[in-house]
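For clarity, chains are labelled A, B and C in written order, and residue numbers in each chain start from 1.
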């Protein structure tokens, strides 16, 4: 594992205007992986990216690239490139010259510049746009130019700072697939920043969930989704039912006034825990057959499924189901052992 | 309603007449054979001919152009550097610098003029004493082209700052970082990306400085010593009361200004049309796709 | 690019050639020729009260005329088709690009005793009138030179007034005067205050307009100052005191007008 890591961050601390933005961050990024920093705004994800790119200087800590300490290396001496938020294309240059910028800078021979820039434009599907003025391109096209421009230097790592944030939903979905394709065909490392959990889960090999300048959880999308380490991750990854419970013994937990069989163990006896149940993991059954019974308060059609809010003994449950219940109906709810996820309780504040 | 519109029309014509008739009369009488400023004595170009043989006017024009180009260039460089530096400052420091920059803009020109004059009087006096003592021979520093240049640079500087600063603030901060990211050193990033991006503002700052410098009379009047700029030469001519060469000069200046403004406008319009055409093409393609 | 150093030559320059000279003016205003502290220069200004009063009065008059003349123009311009607006704006700025000495000279030739206007009036058996070398000619010169400075800020602010606001006022029963007083003027207030400063400041401090159109009899504060520095009087200390007073008058004027804009902003 350690051999194929390309970037390592060690105890990175960043202060901005007297406020701590990153607080002792440690992280390894493997070669050729698609890693995503996920978190709400102000969580430090963009700052982490800027530290890797060389645009933010850490107060303490080290950045390693391929085993070499690059903490004090300026951006223009780092072998990685960035796709910026809102693209930062050079307005005074046309599409071709934007892409060719890095090559011209290194005084690459004209023919070679042309070959490689065109190759990049083809990669991002913009063949034939070479002479176009940047201002006349749509958002999606500008995005593609920005990617081509960053890739032309053949960096080993590409940093992407919320690159799809300015695009509409349909285009964003297309670009997600496109980016994944580019990453896989070039076999390079992508480090991606987003606040969109769906985007993170769709594209990444590894997701890093951040909050308040610290990492909350690192794992595969499946890990993050199915085994959130704490309530914040569970909540941020998707709407969840998170309630307090008591671990009675291994494989048995009590919450919402009922005992449930679960698959978790290793907690102290009668330890207070937090229980996560995904809305789509709650089965609706006739009231008498349910482990829990609740009153449907409202039903919203969401396209693929219905979202229902159900009140049960002072708790409010969110249920996603393809079948709609009636508002005011009394329903039963069943939760299987595999669907219950137990977390250590967080000490808030 | 109809009467209202007529009234409006009459009013507009009256005000524009007020603005233009004096200039029109001035220009008309530049072609007057007679020296009179009220009686038409037949068409003639002799005042133009005289003007081009007037040593004083030609020399003062040369001085004005020299001072204008040099001071506008220096002010543009210093002011652009300042705008970049100020852009990187904290809010309070920026506020303080901006306040200082506003002083010469709001201060009456005559106060600016006499204040720098006093500075030079004091400085020249002290410096002359010092140099005389140092060199053992009498040295007298006096007003002239150097003091003129300094004052012109000074009153141009804030305008450069006020022109370039907003453009810098509008610029995507990531442009500079993108240049570094692609391998530019800070210097290269400045010349290859930042400067081209703010170039329109820098150019217009230069042009504004140029016109302010050529146009200035009051501040130059106090700080030029015996050197004559064009406005100072004009002033000395108006004191002689009757000199139709001034009319000829006015006509030429008006024509030059008009030509510059029309050219600038045509240039702007052409650029806008080009961009609009490119945008239409994009929309058309989007429609096809 | 990241560094603030770029600003340092500028700062040094501005301190040396803006801040220090003003400090020297203050120093000269409060010292005698030998450098001893004195209030005499300031006290001595009492003798010139009439000149300062005339300056303030004429500048105020010119400012008021500019405001009244410019207000409708600014409004009409702001309601035109955008393409016409651009052209009109240029037409208003064009005379400003002529050197003000030439513009003032133009009026000199028009107002002369045997100038064009008197000849024209003579056709009807009127005159010749004494027009040049009067206070009126000086005010006229100020209005002519600085009128565009009033029109442009008014126009700039009025373009931003949504026509539906005026229609709404009419809809609510405002007649023309009410629309003007209760809607247009309050909304245009920032433009009005800017215009007032931009006309008043150069008017109060001019010395050429008065010399060319006012003859010797209509001295303004600017002329007094000029006399102390380059004219026959030759008294830097007294001149500095005068410049100081002029600066204070201008600052007072500006503080009134900016206080107004702040009030406006507070109201919005």
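Heads up, the rule we're going with is that a contact is a pair of C-beta atoms (placed from the backbone, for glycine too) under 8 Å apart; a residue touches a chain by one contact, two chains touch by 3 or more.
Just so we're clear, the structure is a prediction, and the values are computed from it rather than from any experiment.
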Farthest chain relative to chain B (centres taken as mean CA coordinates): A
Chain nearest the overall C-alpha centroid of the shown protein atoms: B
Two chains sharing the most C-beta contacts: B-C
Chain B and chain C: spacing of chain centres that average the CA atoms, whole Å: 19
Centre-to-centre distance between chain B and chain A (centres being mean Cα positions), rounded to whole Å: 54
Chain A-chain C separation of Cα centroids, rounded to whole Å: 61
Residues of chain B whose C-beta touches two or more other chains: 186, 189
Complex interface listing, chain B residues touching chain A: 172, 174-175, 177-186, 188-189, 192-193, 196-197, 199, 275, 278-279, 281-282, 286
Contact footprint of chain C on chain B as seen in their complex: 8, 11-12, 15-16, 18-20, 22-23, 25-26, 29, 37-39, 78-79, 81-86, 88-89, 93, 97, 100-101, 103-104, 106-112, 114-119, 121-122, 150-151, 153-154, 157, 161, 176, 186, 189-190, 194, 211, 215, 217-218, 221-222, 230-231, 234-235, 238, 246, 249-250, 253-254, 257-258, 261, 265
Touching residues (chain side chain C, partner chain B) in the complex: 1-11, 13-15, 17-22, 24-25, 28, 69, 72-73, 76, 90-92, 94-95, 97-110, 112, 114-116, 118-119, 144, 147-148, 197, 201-202, 204-208, 212, 222, 225-226, 229-230, 236, 239-240, 243, 246-247, 250, 254
Chain A residues touching chain B - in the complex, by the definition given at the top: 53-55, 74-76, 81-82, 84-86, 88-92, 101-102, 105-106, 132-133, 135-138, 149-150, 153
